[in-house]
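Before any comments, here is the structure.
The first chain written gets the first letter, and so on, giving A, B, C and D; residue counts start at 1 in each chain.
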Amino acid sequence: MGMVGGGSDAFIGAIHRLAALMDNQIELVCGCFSVNPEVSLSSGQSYFLPENRIYNTYQEMFESEAQLPEGERMDFVTIVTPNFVHFDPAMMALNSGFHVVIDKPITFTLDEALQLQKKLEETGLTLALTHTYSGYPAVKDAKARVARGELGKIRRIYVEYPQGWLASKLEDTGNQQASWRTDPKRSGKAGCMGDIGTHAHHLAEYISGLKVTELCAELNVFVPGRLLDDDGAAFLRFDNGARGVLVATQVAAGEENALKIRMYGEKGGLEWSQMESNTLWLKWHDRPTEMVRVGTGQMGDIAQHNTRTPGGHPEGYLEAFANIYRNFSLTVRAKMNGEQPTEAMLDFPGIEDGIRGMQFIDTVVEAGYNDSVKWVKFVD
Amino acid sequence: MGMVGGGSDAFIGAIHRLAALMDNQIELVCGCFSVNPEVSLSSGQSYFLPENRIYNTYQEMFESEAQLPEGERMDFVTIVTPNFVHFDPAMMALNSGFHVVIDKPITFTLDEALQLQKKLEETGLTLALTHTYSGYPAVKDAKARVARGELGKIRRIYVEYPQGWLASKLEDTGNQQASWRTDPKRSGKAGCMGDIGTHAHHLAEYISGLKVTELCAELNVFVPGRLLDDDGAAFLRFDNGARGVLVATQVAAGEENALKIRMYGEKGGLEWSQMESNTLWLKWHDRPTEMVRVGTGQMGDIAQHNTRTPGGHPEGYLEAFANIYRNFSLTVRAKMNGEQPTEAMLDFPGIEDGIRGMQFIDTVVEAGYNDSVKWVKFVD
Amino acid sequence: MGMVGGGSDAFIGAIHRLAALMDNQIELVCGCFSVNPEVSLSSGQSYFLPENRIYNTYQEMFESEAQLPEGERMDFVTIVTPNFVHFDPAMMALNSGFHVVIDKPITFTLDEALQLQKKLEETGLTLALTHTYSGYPAVKDAKARVARGELGKIRRIYVEYPQGWLASKLEDTGNQQASWRTDPKRSGKAGCMGDIGTHAHHLAEYISGLKVTELCAELNVFVPGRLLDDDGAAFLRFDNGARGVLVATQVAAGEENALKIRMYGEKGGLEWSQMESNTLWLKWHDRPTEMVRVGTGQMGDIAQHNTRTPGGHPEGYLEAFANIYRNFSLTVRAKMNGEQPTEAMLDFPGIEDGIRGMQFIDTVVEAGYNDSVKWVKFVD
Amino acid sequence: MGMVGGGSDAFIGAIHRLAALMDNQIELVCGCFSVNPEVSLSSGQSYFLPENRIYNTYQEMFESEAQLPEGERMDFVTIVTPNFVHFDPAMMALNSGFHVVIDKPITFTLDEALQLQKKLEETGLTLALTHTYSGYPAVKDAKARVARGELGKIRRIYVEYPQGWLASKLEDTGNQQASWRTDPKRSGKAGCMGDIGTHAHHLAEYISGLKVTELCAELNVFVPGRLLDDDGAAFLRFDNGARGVLVATQVAAGEENALKIRMYGEKGGLEWSQMESNTLWLKWHDRPTEMVRVGTGQMGDIAQHNTRTPGGHPEGYLEAFANIYRNFSLTVRAKMNGEQPTEAMLDFPGIEDGIRGMQFIDTVVEAGYNDSVKWVKFVD
């Protein structure tokens, strides 16, 4: 694995490394860790890389690595830069023959995402998008149960993602995370909805197996002087007739990262909260609520494949993240070996999820500031 | 206290009696408990009433009671009939000089509610509306804290009321509760929104001290053949600029009565769940979440006034209900004695809350089925 | 119902009145509410009693009431005085032909409890002991499930009752509750173990249907200057071979009234917490934990008989208390009518439970301060 | 890092690898993964090791590695074999100049642990004992708060560790984990108490900073035919006068891994549950309970040092495990560099904790089956 971004001063890069390395299936072999060459160098050294594999630019990295013999050069690259530096390195990586792992939202614009899709089709390479929350075993078990029809036809979906860290103007204090996320030039046309609303939207579609066809939204800017939405809500209409409510906010003072989804069908419902990620609640119209737990025999094969510890030994965010890397690397390895990846291996977000996310951003922004049009068709 | 409705075959009547009698301040002295005179008689007897105070019609009751000497006749009447039999007995009670306790929604139409308001002004009598959830001590403490500015200016309100009991077509099985609530002739123009959406709306306004000025809504009928909404959601705009999301459903299979409210201001948030009613969560932007508990010294005077047991001895729905009766009866008694009721005594829902509720129903129904108009002004 | 104790300055008397009156089956007709005649008079007046039914002494009350015609005189008396004033009024009440409701511990000494038992047998009268926690519907459902063998043979019982209100020397501040409970002359030989340890012991035997045969204990006095135990723990051995751990403390600073019981058999376990009293958790060796809820169809007949509201409308401490009064009054009424009370009616704690409680106190005190004897047989 | 045990058929070895590799500070360079050379070889290959670093015996590994040049040879060895194969490889590793990471209980007998202590003193090498639960950031914050006196003098400690996986005779089904743990020849003189009671004991001493001086215990064998305790409980007396109750069981059918500790001082209490590991509850005698959360600014420096993600991104068991490896490796590296490790680096369990654990086992077993001696001094 090579890395673009993720210097020692970055947050999400460290998460990616932890997630990638945990399972002893992936090795960090090179990187361009910062636009600042000194930071890149010192970062790479602290990751125990030889100096000749620490690059000043990603262009240089792709060129150099491509010339290394197979088995020595990196197999794939992870791109962990802010949104506006996603497309160029991703496209160049694909053009250089490298598989790609990339953070969401996949690109700055929908058009860029569509270009990546085309390139992936041309090259046959693989792309993983780190919609982390779909990496949780309980989420995968929820998806499997809905698909099996345990809840009956889905009618109602509530998905919410309240955070509180932007309740005050944190971007004015030098906080790097807040700074780029609230800046339209680096984040894109959406703030809160791009950052976390996309996660909520993805989770709803992932578990339900349904697609949003139109939505009604209101986006808000609560903190004075901010240029992008820091809050919003949407009504969702799904392709089977189900209805959804999506809530995302970054000004819910006192909330951490409280992503939660509930889904109700004709026979029962389910509930999952990211902050208590090892429990899947099953609610039934005609019998007691069940508490289904990760790591026990109560979950199915796919969940089990994505679990590392026995019941009662909590797994968390990093393991969910690692599941994306593990399944991606198993898929890449299978393809390299000329084998067909299994369904379990292929269960990680990819280019289609990235495009859906960009479409969601376009749609929710179009709907969210328009007081006279109620329903906006999901951009296709 | 006299009673209209509440025969031994009714649910909510029993609740009203429990709530009224618990504190040994109110005595059941007469009633017309059913449209069926036999049921009325046998019910009254089972409540230990003498036969001459068990009436066949409420008209008869008001006439007879009005002729009894003061001190012997009932002081007030409780009306616990389905929605469409609210207005007539309430108006006649007021015309006969009796105070009134009535269930929500207050009347069948907004116009009727306005007529009651006028009559109350003319007569100086008192009306209590049993929006039960505002009777909980933790809710009252939440209101007091918001009013004191502990959370800062309120920005965001989420209120949700999921139930699951109407996930199947219960009204076809002979269930009386389901039957009238899903019947437009007895329930009014709204189903779920009238039955429980009004509670959610009331709770949001009660705690926040704010008023909804306009809303955007979607109402749904999920169970085939049903004539009224069994589900819905609304975006709310409040008079201080705050934004709200209100969710109410009766088809969330597996949910009981999961009313919950969250409210976030500039400095912090609060959360209260009816099913864990003795805890008020306070969330802070800059320090740990606090778990404030009913019955301890952690809540203020108004909450304490509405609490009967020390911390850790859970109070519940019946005690919340009883708080409305107790404050109503303290107010009526103070007025009878020519005294000014205290703020704590006056803290029960009344005609204004009833009118807001009817306005909410009118507005949410107007907005909820209209795909082309996004925002509807709150009916005034 | 008549009352001994429970003046307007007392805590538990108010609870008893709430619990007794709630169901409109019991009327307060007389009382001697305080050793102070003025307090007794003013209390009785505030409860709307005529002056001739407000007595200065309980002796006077029993004599006067016994001379009133049947139908007018009280049917039973409730004794809500501190422990050292339990036996005399109870015995006199029985001698005067009145049924008795009494708070736990039933008497000051085991011998007194045995005398009451003998008197009850002689007179055929009925006595209810307000071990409140066995009045909760979820507790009754737990008992029924264990009896049906759902958990298999019981092996392990953990029961704990942590409170924190005596973590500091509250009795020195004039607090009446703390004052008599920490005074051996008024409370008896045990402090914490008599006050709340007895509740824990009762709950364990009630739900399991087992009896403690011997125990090993340690009692502690943590607050300097206190004369009775304010903390303790015991290992319990039950008559089927099951083992238990009982914990009771009043110095767990920050705890309210956190009574909790867990019980494990060969096939599964159960858990119930008083502060979340409407949920019974069922844990299974081979399938997901179930959350069984009061007021839904998920509980059995006995639980349903002791429930007043539908699922999701929380009932609490007062309703549990009221269940004891209701079942007691149904039993008394059935007996008066020459009918056999049903099993559900008879399900309230009585003299045998009172005797077990006194035996528990004797045994745990004997064991609790003895560092050289490990196991002490349960006093019989 | 080299490894003894941990073949691809073992559970805890995989956990150790995940924990060690996650932070990109430790590399697996060699191992003897099984007593079965074929399993060792195939395991090592699956971990991407060259064949010449995969050994058939640990003796061979220590000899060969010791001859490799510094920088190439392993720096330390991890021993993840069953209890009875702890001492020999550990002693040989130390004699060969390698630092050691080892699972608990540290050895088969107390005497062996004392020999290791002597050897460590002689060699100046470092040993880490994977008492995982002390690796959780919330546990470290709890320890810091107690040390700062936030709770006042500690009076009461409750620590409990219920599991249910051995509620039936799992060892008869071929389950490897159950098999060695219930076998005195491989597990030692204690079953449940050695396996999980030691964790509970360690956690109590770690957080409180206190030492057990004597205990009273009862050990039980519930599943017929089992040779070692599968359940037990102990009263603990601590060196400051505090009292404790320790509960450990493996027959609590339906429980997963529910380690939980509560501790009460004169001013307040704390509570931590392993299965909700990111929350530390602080309970106060005079103000609301606080929910202190990992990853927020609410915890101190030591907790922060042991945290990888921001608040609301749950960390779990593997991260707690990794904290032991990280602090151990930071300590070893500092020592190698001639630097003094910081307090935060040194905060991992070592030989003293191992000895305390063996003493606990000896004491609790001596006490646990003796019905005539109540208190047994902690073996020193």
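A few comments on the model shown:
Simple rule for what comes next: contacts are C-beta pairs under 8 Å (C-beta built on N, C-alpha and C of every residue); 3 or more make two chains touch, one makes a residue touch a chain.
Note that this is a predicted model, so its numbers are computed, not measured.
The interface with the greater number of C-beta contacts, when B-D is set against B-C, is B-C. With every chain reduced to the mean of its CA atoms, the largest distance from chain B is reached by D.
The distance from the centre of chain C to the centre of chain D, with each centre set as the mean of the Cα atoms, comes to 43 Å. Measuring from the averaged C-alpha position of chain B to that of chain C gives a distance of 34 Å. With centres taken as mean Cα positions, chain D sits 55 Å from chain B.
Multi-chain contact residues of chain D (touching two or more other chains): 255, 282, 289, 293, 296. Residues of chain A touching chain D in their complex: 11, 14-15, 17-18, 21-24, 28, 47-48, 163, 255-258, 274-278, 293, 295-296, 308-319.
Contact residues on chain B toward chain A in their complex (touch as defined above): 151-152, 155-156, 158, 160, 162, 164, 167-168, 216, 218, 220, 222, 231, 233, 235, 243, 245, 247, 249, 251-255, 262, 264-269, 282-285, 289, 370-375. In the complex of the two chains, the chain B residues touching chain D come out as 282, 286-293, 296-298.
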